[in-house]
Structures are given as structure tokens and as C-alpha cells.
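In the two complexes below, subunit A is the common chain; its partner is subunit B in one and subunit C in the other.
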Partner chain A sequence: METVLSTVLIGVMLGAQYALLALGFTLIFGILGVVNFAHGSLYMLGGYLAYAAVAKAGVPYPAAVVFATLGTAALGYLFEVWILQRVVDDHLATLILTLGFSQVIITGVTMVFGHEAPRFTFPIVGNVAVGSLFIPQDKLIVFAISAVVICAVYWLVYRTGFGRAMRALSIDRAVAITLGMNARIIFPLTVALSAGLAGLTGSLITPILSLSPHAGESVLITAFVVVILGGLGSVAGATAAAFLVGIIEAFSGVYIGGSLGTLGLFVLVIAILMFRPSGLFGASMRGA
Partner chain B sequence: MLIRKRMAAALVAIGAVLGAPGVVAAQECELKLGVVGPFSGGAAQWGIAMRTGVEFAVLEVNSKGGLPVGDKKCHVQTIEVDAKYSAQGAASAANRLASEKVRFVMGPVGSPEVSGIKPVATRYHMLLMLNSYAKNAIGPEWPLAFHVSPGPSGWAAPLVEVAKEKFGMENVVIIAPNDQGGTDIAPVVAKAYEQQGIESTEEYFKRGTANFSPLVARVLDINPDAVDLVSTPTVEAGTLVKQLRQAGFEGPIGKLGGPGTEEIARIAGGMNVLGNYYWFEPVLIDEQTEKMTQRYTELAGSEPPDHTFFYLWAAGTRMVLKAISEAGTIEDTELVAQTLRELPVKDKNLGDGLWIGQKFFGINQELSLPFGMGIIEDGVQQPMIRMPAATGN
Partner chain C sequence: MMDHSVVVGFRRIMDRAGWLALALLGAMVFMPFLTSDPLAYSIGTQILIGASGALGVYVMLRMELLNFAIPGFMAVGGYAAAISASHGVTDIFALAAISFMLPGLLSIPVGAIVLRLKGVYFVLITYIFTEIVQLVLIETPSVTGGTDGLIGFPVLQAFGVQLTAYSSTFYVSLTLAALAFLVAIVTTRIFRQQFSSIAQNDVLAESFGLTLWRYKTIGFFVSSGVAGLAGFSLVNMLLIAHPLSFTATSAVNYIAYAFIGGTGYLLGPLLGSALLVSVTNALSFSGEYSEGFFGIVIMIAVLVARGGLAGALANLWGKLGPRRFRQDYPRPASKVSVKGAQ
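The block that comes next holds the complex of A and B.
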């Protein structure tokens, strides 16, 4: 029973991390219709910005997290205004551009910080005892922040005027623009929000796991699986799918292990998609 | 008029250069040495150290006027191609080298590259001095393929013996990636533990895994005395060590699959997090390797990378160049291979060794030189242990 409980705990912790990562990925697709292949690199960049702030400038870690979030958000904003906006409706062009953007970030980070992983650890270590279970404090903090951020994003998208404008543009851009919504303002802000979420996730997760120029590659794949399972563009779907993937990954990893464990996750994802091809909450946001 | 004068001056200069005796000799005999490895991407650290080691051996030869081959002195030129740690990259590199009539290739490193290069290299009769822990890295089917350093079949047993003496473990969990880079090495290392009476369990993960929480929970459920990360790449190994220690695992952690301890310690959070830790170091760092570093700095004007592959590949290149010289040919790779097999293994800096590999690979073409074993006890790095050249028995 103890193993089952600890496995559920691992799954929930994993799910929180995946949700944070997948939210930004699904937002940019939901609003702009862009599959952002630079999302993983922005995650990695967030980690490096936080690391540089802590290790090079002596900034306290919480402030470094804010700096990384704002830094990646600003980069995302500029990328949309200067580059993405010109070709936003050309899916092939945006795909290539985001891939290129990803390579530029990886190469830039390698040139500045080198290809070896730096020493970057979470400032709080130790475990919290809950009955017979021990929960790492760092993961608990990340879980709490994830929960707050997920709620904040949900509130922003579904309870504010800005969110309504975002959703209106995603459902029918022509009508939304006719009604006075400005895509030239909303789109860059959406990309900034998405990039900021990636940066925030990177600055929180990389000190717990590891930081290297290629750290974003595997998380991009996970984010992809999560948003496809949740339904591309669906905030609620991405959140639900993130926790589902986390739980499945934890149980298959603990009880099956090895290649079969990894296979188990993808078999379940395929099975779900066979019955719900547009994902758990597919197309609830994007209609345009 | 001005153009004519300039052309005449250029012709005079070219004539003067061609007239220089050293240049004439170099043009009479030029040995092209291919260098194939990962010079970009995640494994670039290995490739760059390897490339610098090869360049060092070439600089040594060229600084003495070239390599004596028969009655000529050949200038050695390297042609370096990035294989990007992929099979297609290595195959494409070999095709390019073949088009430039290169017969001798140093590298590649790593199983994907080795499986990609061998068919092309075999077609063009290229002699390869490669490195990979794959169980079919070399063999009787590829008589022109040599191993620059033994795989775990050579060095795992003596290292496990020392580890057991030091830490007294009775069972171990071996963790490796679930591709050829892991599945070929883990059973060999497991066998070495079993031979010492240490029970072993193998666990595999998907390469590129970022979060090992489920695997760590699974491993702790087995309750092992020790964990060995064998060929797990450095970044993943660092994360695993960090998560194992955070989950409360206090036993020794081994890495019988390659260096990278400093980076692993950085990721894990410091030497104290490593606790009790032991690893295979392909080359022992001592005053002899320091001499090699100094000599390279004199010749190249820059410092070599801080990686033991630099020394290993310098020694391997020296052996190949010596074999070419003694065989007296820069064309006949079969004759050079035969000469190389018969050459006594002796490096002026790394010491004396032997050719091994017959028992595991069915061919005696592994260059075995003395190596090192690193140990960290209670977070404090101990002096490296000098291990004699592996015999492969």
C-alpha cells in the first residue's frame, strides 16, 4: 500500500511539472495555431537565466525565477513581433521558424555557458514526512507554485477581458478583429505568456533535475504528448492530461520498468486517442 | 602593366615555395588521416578530446619533418568530419573520406557512429581505430577495425574486485539506457559483479529521460547495497545520483562505463552528494600525462581539453602511425593492420600494454594500456588507483 501511495505521489508531482510546461505549449497553439518547437529550448533558457542570476550575479533564487520568467517572456514577445507575426498563418513557415529559433537558443546558450552542465541546485533540500511517506520539499514547492500558476492561467483565459479576447481571436479571428480586438497586441502577449511559462518551468525544474543546453529536448516531447492527449489548444485538457501522463508514467515506471514501462505510457496514449482522436478536451478553444 | 607585374611576382613566389626541399618532400608523400567523431551536440566533449589527441600525435610527427614511410618522409594531414554521434553521420563521413582517398581513420566514438561507419569503411578497405562499448564493435568480420581501448569485458572485472574490497557490497542494481549503448554494456558489467559473488539486477531507462523518480522508487524497492550507472550519459547520471541520494539511498554508486565525474558531481550538487562513489577512468592522470599536456601546449599553442580521451587517442594515433611507418606503405591497409597486430603495445607516456579481445570479440585487436580507478569516500576524492593493462581474461 505504501508503494502505491508513493507512486501516486510521484505521479502527481510529475503531473504538476508537465502541466506547467504543457500550458504554454497549448496556449500558443490554441490562440495562434502555431506548434512551437522552441518551447523546450525556452524551458532550458529559463533554467540558464535563473542559473546566471544566482551564480553570476548573486541574486536570491526566488528573484532569479522571476527574472527568468520575465526574460523568456520578453524574448517570446520580441520573437512574435519581429518574426512570427509576418507569417503567422503559414503553418509550415511557423514550424520551421520555431525550429530555427530553438536551434539559435541552444547554440547561443552553448556559446555562452559551454556544453557541460553547470552546478545549479534547488536552495531548499530535505523531505517532509506525511505518515510513512517522505515528500521532497523542493518538489512540494514546485507543486504548490504549479497549482497557483495553473489556476492563474485558467482565470486569465476564462475570467478576464484579455482572456475573452484571446479566445475570440482563436475561434474566429476575422469576426474578432471586426469587433475591435487587436491581434497585433494579443498575439505577442500570448507568445510572451507561453514563453514565460516555459521559462518559469525551466527555472523551477532544472535545479531539481539537471541543466544542460539540450535539457529542453526531452521535455518538448513530453509536452507534445500531454497537449495531444489533452486536445491541442485546450487549457483544461492539457492540465488533465498532464496529471494522467504523470500517473501513468509513475505506475508503469515503478511496476513495469525498463522499455516495457516506457511503452506502456505510449500504448495507453494511443488507446485513448483511438477513442477520442481530438484528445480528452479537443478543440474546446481553437476554432479558427 | 601593374597586373602583369603582380602576376610575375606571384609566379616567382610560387616557384620559390615549390623549390623548397621540405615542400617537395611533403608533396611526394602526403598521408591523409581521417578523424571522425561527434564534434557537435551532446557527445561533443568526447569528440573534441579525441580530435585533439589525434592532432597531438600528428603534430609530434610533423614537427620532426614527417612520418618515415619506406625511403620517404610523409607529411601527415588530418581530415576531420563531424559524425554528430549518429550512424548516418558516420556513414556519410566515411563516404566523404573515401572520396578524398583516405585509407586510415581515427574514430569514431560511440556505438551509433561505429555501426554506421563499419559497412562503408569495409567497402573501401579503410583501417579504423575506433571506440565503442558495443558487443560487436570489432570482430573477425571486420579485420581492419581496431579498438583504441578495451570495453568492459576488459576492465570491469578488476574494477569490481577493488570496489568489493572497498565497499563490501553483496548485491547491486545496474542502471543503463535501453538502447545499444546500454544493453550491450550492462550484462557484461553484471557478469563481472556476479563473478565476484555480487548478485546483480539490471534496470533500463529511455535515453533522454529527464526525471527518474519512478525508476528511483523501483530501484529502492529492490533495496540494493550498491547501484552502478555503467554507460549512463553524464547528465542523466548526475540527475540519477541526485535523485537516488535525495530518496535516501546511502550505498556506494559506481560508474563502470566512463569518466565525467566532475560534471556528475556538479549536477548532483557536489562531491559530498556523491558520498561513496567509484568509476572507470580510461587513463590514469599522472606526471606522464602532464608531460603530454605540456608538449601539446608547446606544439599547438593552446591547452588540450581537460578530458582523458585526449591522452587515449594520442596513444592510439601514435600506434597507427608507427604501424604505417613500419609497414612502409600509406596505401595497403591490410599490411598496416597486420603490422599493427604484431606491434608490441608500448606508449612512451602511458606505459606498456598488450593486445586483447580474442576471448570476447574473437579477435585480438583491442589496445589495452594501463588505466585508472577513481574513488570518492565519504565525499572526499581519493588518489586514483593505477590499474595494470587489462588482460581480458
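The block that comes next holds the complex of A and C.
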């Protein structure tokens, strides 16, 4: 029973991380219709920016996380304004552009920091005892931050004028623009938000997992899986699917081991794409 | 008499870009007379492998489907060749048949699932397919050697002659690339109209009575078979069949070759691969830096030169070439609006 409980706990914490990661990915698809292949690389870049701030500039870790979030957000903003905006309605073109962008980020990071994984660890270690369970403090902190940020994103998307403008533009751009919403302002900000979320996730999680120029690749697959399960473009779906994937991964890690659990997850994803392309939880923001 | 009809039939099948692609491949036969530099052979082999992989991307792009399954099917072809060779099949044509047919046959059931999707969903599902192939390779060490891969590749034979010369790797790749191009040329020429109508508007095409799944399956079969040949070529060059040669991220390379070369022209994959592979080698980038270089180049190609290299050449030819050749090449169906798909 204890193993089951602790596995569920691991799964939920993993799920919060995945939700944070997948929110940005699903937002940018939902609002702009862009599948962002650079999402994993932005995650990795966030990790490196935080590492550089801590190790090279001696900034305290919380400030480094803020720096990484803002840095990746700024990069995402510029990428949208300078590059993505020119062909934003051509889904093949935007996909290739994000692929190219991803490669450039990976190479840039390799040129600056080298191939080897730097030593970047979470500043707080140790466990918290809850009854007979021991929970690692670093994961608990990441869980708390993730929960707060996820709620903030919800509030932003569903409770503010900015969020309403974002959703209006995704539902019917022509009408939204005639009503005075400016896609040239909202789209770059959406990409900045999405990139910032990727950077934040990277700066929080890479110290716990690992940091290397290719750390974003496996993360990108996870984002794919979560977002497909939740329905591409659906914010609520992505959050729910993230916890589901987290719990499935935790259980398969404990009870099956190896990559068979991942294989099962992939097969599940294909089945979902076949029979419920709008995801497990119903409607998405945008058809494709 | 029969010769005449064969010639007419063949002329109908081959278009100018197809002839040019085969002619360029044919010209590479004469490489030994130009150089004996092992590096030139190595670059030539890499170009041919890249071009064959990119050809798989090209065939599906003719139907406006961006295929990330290329490395997955390359792995199937490469491992099939390696396993067959270790069981005593060393004839290059027999191995070519195996490395084409096995991925091709596998593509039929896989296609039954993935070809029902299009656009972004097709991209994601083919990406996941390649990831699944990776996991299967790692999880079945008794057949595939797992994370160690299958090391060693026996000396191949052609027409009963052992291919021991150091240039033979290049010639094996050249033969396989020529086969791949021949199959792709014939397929895209025969089904040109069907592929184009699927690319332009598949819903409309279907309402006019076009059996979409049939042509999509044919295209996917050829794309996968061609990728299988590229996989065989790659394994033969590296002398090892290893999961790392076939990662989903490596699909980006083949997509880059196809886009830089020009997605509207059969010559594109060959030109794109030749340019990117030789520039990468000339600037002596290591693998990591070449990725960034590819990234910048594909971004530029998408933003300013959607026709790619072949498109630019065709434009030039249209302006400067002899009058009787001044006719338009089919333009690539490039823009699909996300809005329109809503």
C-alpha cells in the first residue's frame, strides 16, 4: 500500500512538471496553430541560462530561475516578431521554422557551454517526512511552483482581457481583428508566454534531472504525448493528461521497468490519435 | 516493335527533372577518374545516403504530408540488410530487394493507421512511430543487438564478384540511390495527378471519386521502401546497424535536404543533400555545429526561397534556357492555410 501511495505521489509530482511543460506547447498551437518543435530546446536553454546565472554570475538560484524565464520569453518574442509572423498561417512553413530554430538553439548552447553536461544541482536537498513517506524537498518545491504557475496561466487565459483576446483570435481571427484585437501584439506575447513557460520548466527541472545540449529532445516527446492525449490546443486537456502521463510513467517505472511503459504510452497515443483525435477530454481550441 | 512502345512508355514516365537526377547519379560513376581521395568517396557516399532519405520525404511531400517516419523505415531496411547479411545473403541486389520490400510491406499496416491523419497530426504520429522503432530496437537485443547494435557487415557481392575495393562502399550507395530514384521517379510520374490533387485539396479529390487511401498507401510504400534502401546504404557505410543512426531527430536532416533542394522537384533531394553535406564537410563542422547550420539554412529557405535550389534553377532555366524548353515546371503546392483547415 505504501509503495502504491508513494508511486502515486511521484506520479503527481511528475505530472505537475509535465503540465508546466505541455501548457506552453499547447497554448502556442491553440492560439497560433504552430507546432513548436523548438519547445524542448527552449526548455534546455532555460536550464542553461539558470546554470550560467548561478555558476558564472553568482546569482542566487531563485533569481536565476526568473532570469531564465524572462530570457527564453524574450527570445520567443523576437522569434515570433522577426521570423514566425511572416508565414504564420502556413503550418508546414512554421513547423520547419521551429525545427530550424531548435537546431540553432542547440548549436548555440553547444558552442557556448560545450558538449559536456555541466554540474548543476538544486540548492535544496533532503527529504520531508509525511507519515511514513519521505518526499524529496526539491521535487516538492518544484511541485508547488508548478501548481502556482499553472493556476496563473489559467487565470491569464480565462479571466483576463489578454486571455480573451488570445482565445478570440484563435477562434476567428478575422472577426477578432475587426473588433479591435491586434494579432501583431497578441501573437508575439503568446509565443513569449509559451517560451517562458518552457524556460521556467527547464530552469526548475534540469537541476533535478540532467542538463546537456540534447536534454530537450526527450522532453519534446513528452510534450507531444501529453498534448495529443489532452487534445492539441486544449489547456485543460493538457493539464489533465499531464497528470495521467505522470502517474502512468511512475507506475510503469516501479512495476514494469525499462522502456516498456513508454512503449505502452506511445501505443496509447496512437490509439487516441486514431479514434479520438481531439484528445481524451473532448474539444480542443483549434482543428488541424 | 515492342521496343518502340517501351520507349514511348518510358518517355511518358520520365520527365526532365527525373532524367537530370539519373544523369547526375550516372555522372558520379566517373568519380574514380577524377579523384582517388578517400574523403571524396566518403562525402559522395554521405550525399547519396542523404539524397535517398530525402527522397522518401519528397515523395510524401508531393501529397503535402511531412513524414518523420523516414529514420524508422531506414532502421527497418538497414537492420533487415544487416541481419540477412549475417545469415549469408551477401548479394547486393538480393539485399536491396529485402531492404526495400520489408519497410515497404511494414508501411502498409502502419499506413492504414497513420495515413488517416494529415497535417500536424501526421507529423506527430510519424515522429512517434520512429520513436517506437527506436524503443523496439533497444528492447529486442536478441535480434537487433539492443543498445550495442549489430557490429560488422560482411563483404558484399555483385554478379558473383566480391566487392573488396575501397571504392565499393561508394558504388553500393550509388547503385542503391539509383534504384531509389528510379522507383520514385516512376511512381511520382505515374501518379502525378493523383498526388497533386491530394496535395491541393484532398476532400475535393475524394468527392470527385479519388480513392485517397490507395494513392496515399502507394506513396507511403515507395517512401518507406526508398528509406529502407537508404538505411541499407548507411549500415553498409558505417559497418554497424545501431539505433543511434536512426533517431527521430535525424529526420530533420532529411527534411532539410528535401526543403533546401526544393520540394517541388525530384532533383531537389539530390541537390539539397549534395549542397548541405559538401558544405558541412568543407567547413569541417563537427556534427553538432552542422545542425545549427542546417537550422539557419532551412529557415532561410522557408522564408525567402520556397522552391529551394531546384526551384531557383528551374526559374533560371525558364528565363535563360532555349525557347522550346521554356515551359513551367509544376509548381509545388506550398501554402496550406491553417485558417482554411479550420
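Observations on the model:
We adopt the following convention: the second predicted complex is superposed on the first by the 272 of 288 C-alpha atoms of A that agree within 3 Å, B and C clash if a C-alpha of one lies under 4 Å from a C-alpha of the other, contacts with A are read in each partner's own complex, and residues count from 1 in each chain.
Basically, contacts are C-beta pairs under 8 Å (C-beta built on N, C-alpha and C of every residue); 3 or more make two chains touch, one makes a residue touch a chain.
This is a predicted model, so every value here is computed, not measured.
Superimposing the complexes on subunit A yields a three-chain arrangement in which subunit B and subunit C clash. Look at A:Leu14: by the touch rule set out above, it reaches subunit B but stays clear of subunit C. Look at A:Thr262: by the touch rule set out above, it reaches both subunit B and subunit C. Of the two partner chains placed around the shared chain by superposition, neither subunit B nor subunit C is touched by A:Ala55. Contacts of A:Ile247 after superposition on the shared chain: neither subunit B nor subunit C is touched.
Once the two complexes are overlaid on the shared chain, A:Ile135 sits clear of subunit B and of subunit C alike. Of the two partner chains placed by superposition, subunit B and subunit C are both touched by A:Glu217.
Looking at the shared chain after the overlay, A:Ile272 reaches neither subunit B nor subunit C.
In the overlay built on the shared chain, the residue A:Val35 is in contact with subunit C alone; subunit B does not reach it.
By the touch criterion defined above, A:Leu209 reaches subunit B but does not reach subunit C. Of the candidate stretches 113-121, 167-175, 329-337 or 365-373 in subunit B, only 113-121 runs into subunit C once the two complexes are overlaid on chain A. Shared contact residues of subunit A with subunit B and subunit C: 115, 217, 221, 258-259, 262. Those residues of subunit A lying in contact with subunit B across their complex are 3, 6-7, 10, 13-14, 17, 115-119, 121, 125, 127, 134, 136, 209-212, 214-215, 217-219, 221-222, 249-255, 257-259, 261-262.
The touching residues of subunit B, when paired with subunit A in their complex, are 41-42, 44-45, 178, 203-206, 208-211, 213-215, 217-218, 221, 234-236, 238-239, 242, 246, 248, 263, 266-267, 269-270.
Residue ranges on subunit C touching subunit A, taken from their complex, read 64, 66, 113, 116-117, 119-121, 123-125, 127-129, 131-132, 135-136, 138-139, 248-249, 252, 255, 259, 288-289, 291-299, 302-303, 306, 334-339, 341-342. Across the complex, subunit A meets subunit C through its residues 29, 33, 35, 83, 86-87, 89-93, 95-97, 99-104, 106-108, 110-111, 115, 173, 213, 217, 221, 224-225, 228, 232, 258-260, 262-263, 266-267, 269-270, 273-274, 277, 286-288.
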